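Both complexes shown next keep chain A, but they swap its partner, so chain B is in the first and chain C is in the second.
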Partner chain A sequence: LSGRERGVRLAAGACCWLAMATPAARAQLVDCAAIRYASSYKIVIDDLFFAKPALDADADLKLVMDRLRFTVNNQLTALALQMRDATHQSTPLSLVSCPGRHPLDASEFDRDRAQDLTDSKVVLEVWGTLDGSVRDGKVDAREARVGYAVMPLRFYEFGAVDLPGVYVLRYPRSGGAPAGGFTGLLEQLPELDAYAALGVGLKAAKAKDFDLAVQFLKRAEALLGSVPKGASALDAALQQALAKYVQKKTCETIEAALAYPAYQGGLRLVYATRKPC
Partner chain B sequence: LDPAHLDPTAALDERLTRLEEKVGKPVPIEERLAALEAAVSRPKGKNAWEKAQIILQALAPVLAGVVVAVAGYLLTGRITNALGQRQLELGNITQMRDILVRLETGKADGKDLVQEEMNANATALAAFGSYAAPSLIELLRQGGDVKVRAAETGLESLALSDPAAACAQLGRVLANRTQAFPWQAHLHVLRLAGTLACRDQLGALRAYRALLTTGDDRTRLNAYKAAIDPAAELDSLEQLAAELDRAEKLLGKEANIERP
Partner chain C sequence: MAASSASGAGGARGARGARGGAAGRRVAAAWTAAALAAGLLLPARGAEAGAASPCAQPFVFSGAAVNVVVLPYAEDKVALDLGKAGRQLALLLQLDSLFVLGKYGSLGAVYLTTDPFGKCEEERVEAQLLTGEGGSRIAPGKALVILWGRIYEERGDVYLQSYLRFLRRDRPDRVEVAVARAGGPFVFSGRSPVQQVAFPPRRLGRDDLAAIEAQFKKASLLYREPRAGDADGQLPIEANAPMPYGVEQVRDGWLQVAGPTLGGSRWLKASIDPREWALHQKLPELEFLDAVTGYMRARVAGNADDRLVDHGGLGSWMRWIDEALARYDLAAAGAAAADAPATPCPAALGKVLAGNLRLLAGQPEAAGALYREAARLIPYSADVRNLDILSQLPRVLEGRALEEQLLDALALEPSNVDVLKNLEADYRLKAAAVSASGTGDAADLERQLAAVRKVLAGLEAGPTGAAGHQ
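Showing the complex of A and B:
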């Protein structure tokens, strides 16, 4: 396939994929007081909600919702602590909770909104939907969908068909229940760390904070490698495109640091005798 | 002829006659009175000043009345207008307050407002004309993706009815150098200045470009931080410069603006 054909297929597929992966619920993009202009990087955690009213009585889904909330908070708190150690700042990365906010799909993050959020230093926005089929009062075919909007990627690469910056992933990935049962499927979300690290890395690179940028881009590169392959060919293609992009961006950032006269950081020492890419 | 030899009476008659011939016959007193009476009764000719004086004297009471009436009307009109304007302002404040609370909190009756509802409130606020401009700018200053977009919608709406008021407010933000507005608010204002065709703000745009482009990265970043926002980064300056380019392009004045 030529690059153009591949791009068109990816774009068409991405539209269908995002449409299928999102609920037919009304978008709830409401104002969140915590999203304001600030100097620290932010991860926005939106509402987790049930796709249908009847699902909120299902014990398994309620448990999954609690676990998902716990996992997201736990992982992101750990990431924030790592970032604090890396930057020696008190709160370089803050977790922001936005109750009532629930994006519908990628179309809500148009260029202006992606820019607004990126400029407010939002590196990642996460939301979740729990769904299932209800027949005769019984719930089956349960699934969780978690949306990730990597805001700097969405803004800086806006319009790139293979880099939408907004990813809505289904759990369980294969369509079947995991070994630990449905309730155990969200105990670890490797992509969450990867997307958050990528957001920080891209934003720091634009701000010419090269040390932080390279550190987090490399972290994102490594984490993306550990993410299980997507359920569909399209998932896999988008994942591959993202991994390539991160690799390229890491190289470019190192080169930019070495070419920047005012930069006197550690990258000059590391790459004094070898090429970055 | 020696007068001494003449008859004295005859001589007197003759002398009288001769004198009368010399001086002419005296006009009878009746004729002289009649002539005077005719002269008095004949209408006398007047110059323009005399005529004006007569007219003014005649119209003076009427004119005084008219002047008093006009002055009274004007004064009453002004006072009425001032009172009316004050009442309108107070009425606007009361009505605007409810909308402002909704926009500030993002809620109505305890329920979260989605983007479309926030936009509708901002448009309703803009219907108050120039009174709404400062409030909409304040929303821009506060930030938040939903609130900022609503503020932009409101300012765009205001520009349709009162472009001067909308553009003047944008100009004030751009001219501010006391860190009153975050750089993100400036970014939105630059965007609006172009979209709303605020040609009278070209001077402010020119000054802004100087702020963004003078010196190397560190120098201009430090200058910008000192004047506008300490939280700005080099990426901020790049975005602002891009938005400024767009605004100038939209205004069609790019070629006339001096670039350092």
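Showing the complex of A and C:
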């Protein structure tokens, strides 16, 4: 009976950042056929990418790249493990690796592309960028950036200034330990779980899979709230806007479920005598 | 015994199919011998047994209450030969498991070696050990604990990321509380929120890598006597068939082992002297493994209704589990970077497992305190809230408190079947009470009961809502 007993597993370890990074010159948001194969919700993992051609020879930045790969791959595996227990029977979540694909910035996710990807059930797209300033052949001010596009948010709220749906977090973190450097890259990236949950919740809500939507929106709300201060490089105002948005969407989803005649799930019991918001 | 033989033949068929010819027959024969040996080794002592086995043919001791299977840590960078360190570490962890976890009794500890392609994937191993027709398979109701991970090197430092999964064959990890009332009994149930956990990465220094190699060299030797200078052979860990052995004696960090491929009784240097290398401080997850193994051991030793059976050892097991969890919390706090984000899942799961044992041992208040700590760590979990509710039975049955709390949990996960069934049980119980006393709103309770059953029936039938593509 339980969805968890019959649930399809997220493919743990089946997909990850590969050992090579995309050279800067080839970076682009190339089409990725695998996105359209599975009918499941998906997390798309793009390539790691050097922002400038000269950077790929920098040994320190290569190390940062390896760290980033190790951490993100581990986190994706951990997420897959969580989803073994959390996913709804009809909602497998799969990891899709897209070698050679890398967005340059948020503008690549224009309305059409965001819609196309959301229609393909992409709930989150993740990429990494290694950057630094090059002067006289020397590299300094090294930086790693992890980009997340919460695709349903990007599409459904397209143009909303405080809800861009594309978030780029910079490492070293501004609030991190002074001597830590890139230490944060070897710890967890707490935003990944939160954004994945948010993507699933929003997409499920639109698909009128209300139970799953509420479960994952509530999860996203808790996870976003648990990102420790200073751990996220995300602008505080954006973070606050996102938190408020998740709360609002949760309420709206519950109200939509209750107003939807075909819905006969548990929310009807919970809110038989209670107010959703 | 007969079952072991039969399943051994099944494994032999699989091996022949994969390899063919004389080599395949040799593997098949070795497999059958291993399965037979395993059947003899473990039940005879009811204690612990170890094995090394190829990942492609994962092996467990069917008779063991708990099998701990350690996979080689996969290397994350192809350019460096970290795979060697990953394999060496896995053997050290397996032997450490035999040494440390043997206290729970009826333990199988298995070290898997990588296949020719260097891969050993947990999901495939688990599937084979639960449902495959291999020479050894987890017996119904028995437990499997799998430890695996990734290893990464950076300028001489090594980073380890470990994962742990635990389960019983054909038995979900759940607890039940039966309330005896007129028209009953009314059974309320819950389950652990997760049965696998990812630990944060641990950093080991350059000297740790050297220590792994040095300790591996000691651990992979067979000794005539439990003394460092008395080695006279090599543990055949890279064989292409399972290599099981039983533990006959434990003495000062040494295990006396015997098995068909060891050529008589030998000694293994199983424990690492903390003065040489503080393995457990470096890898706090070993403390968590200790607690999970103890938990599963206690559950397997329970009766047919999954209730704990106090056979004398239970008190010790529970104490060891608590101590291991406390050590984990302490060591994990020490191992984490100061500004690292919290990783609440392992800690929450530890509280839940300890809470489950308290609940099953008839200590609901202690269980409730632990569940509430877990709920603070993972507030989105309906399962944890549900377990907390169970710990309040039957006290919470009066009035609408139980219903309100169950609805709070359901608000977090509206399709949680355990919560829904508990809600149904609550309404049934109250309907029975109204029926017996003749007071109260029977019609209203019947309406509520019908509503819950409708939701449950909908979940049985399939997903709710119109899950289209929008």
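As a convention for this text, the second predicted complex is superposed on the first by the 205 of 277 C-alpha atoms of A that agree within 3 Å, B and C clash if a C-alpha of one lies under 4 Å from a C-alpha of the other, contacts with A are read in each partner's own complex, and residues count from 1 in each chain.
We take it that a contact is a pair of C-beta atoms (placed from the backbone, for glycine too) under 8 Å apart; a residue touches a chain by one contact, two chains touch by 3 or more.
Note that the structure is predicted; figures quoted are calculated from it, not measured.
Applying the stated contact rule after C-alpha superposition, one finds that A:Ala262 touches each of chain B and chain C. Note on chain A: of its two partners chain C and chain B, the one contacting more of its residues is C.
In the superposed pair of complexes, A:Lys206 makes contact with chain B and with chain C alike.
By the document's definition of touching, of the two partners only chain C reaches A:Leu81; chain B does not.
Contact with chain C, but none with chain B, is seen for A:Val227 once the two complexes are overlaid on the shared chain. Once chain A of one complex is fitted onto chain A of the other, the partner contacts of A:Ser97 are absent, as it touches neither chain B nor chain C. By the document's definition of touching, of the two partners only chain C reaches A:Lys218; chain B does not.
Once the two complexes are laid over each other on the shared chain, residue contacts for A:Leu117 go to chain B alone; chain C is not touched. Applying the stated contact rule after C-alpha superposition, one finds that A:Gln240 touches neither chain B nor chain C. The intersection of chain A residues touching chain B with those touching chain C, taken from the two complexes, comprises 119, 206-208, 262.
Residues 26-33, 35-39, 100-101, 112-113, 115-117, 119-120, 203, 206-208, 262 of chain A are the ones touching chain B in the complex.
Contact residues of chain B toward chain A in the complex are 106, 112-115, 118, 142-149, 182, 184-185, 187, 217-218, 231, 233-236, 238-239.
On the chain C side of its complex with chain A, the touching residues are 76-79, 121-123, 150, 152, 154-155, 159, 161, 163, 165, 172, 193-198, 200-201, 203, 336-345, 378-380, 382, 407, 410-420, 423, 451-452, 454-456, 458-460, 462-470.
Per the touch definition, chain A reaches chain C in the complex via residues 1-3, 5, 9, 12-13, 19, 63, 66-67, 69-71, 73-74, 77-78, 81-82, 84-85, 88-91, 119, 121, 175-177, 180, 183-184, 186-188, 190, 204, 206-212, 214-215, 218-219, 221-223, 226-228, 230-231, 257, 260, 262-270, 272, 274.
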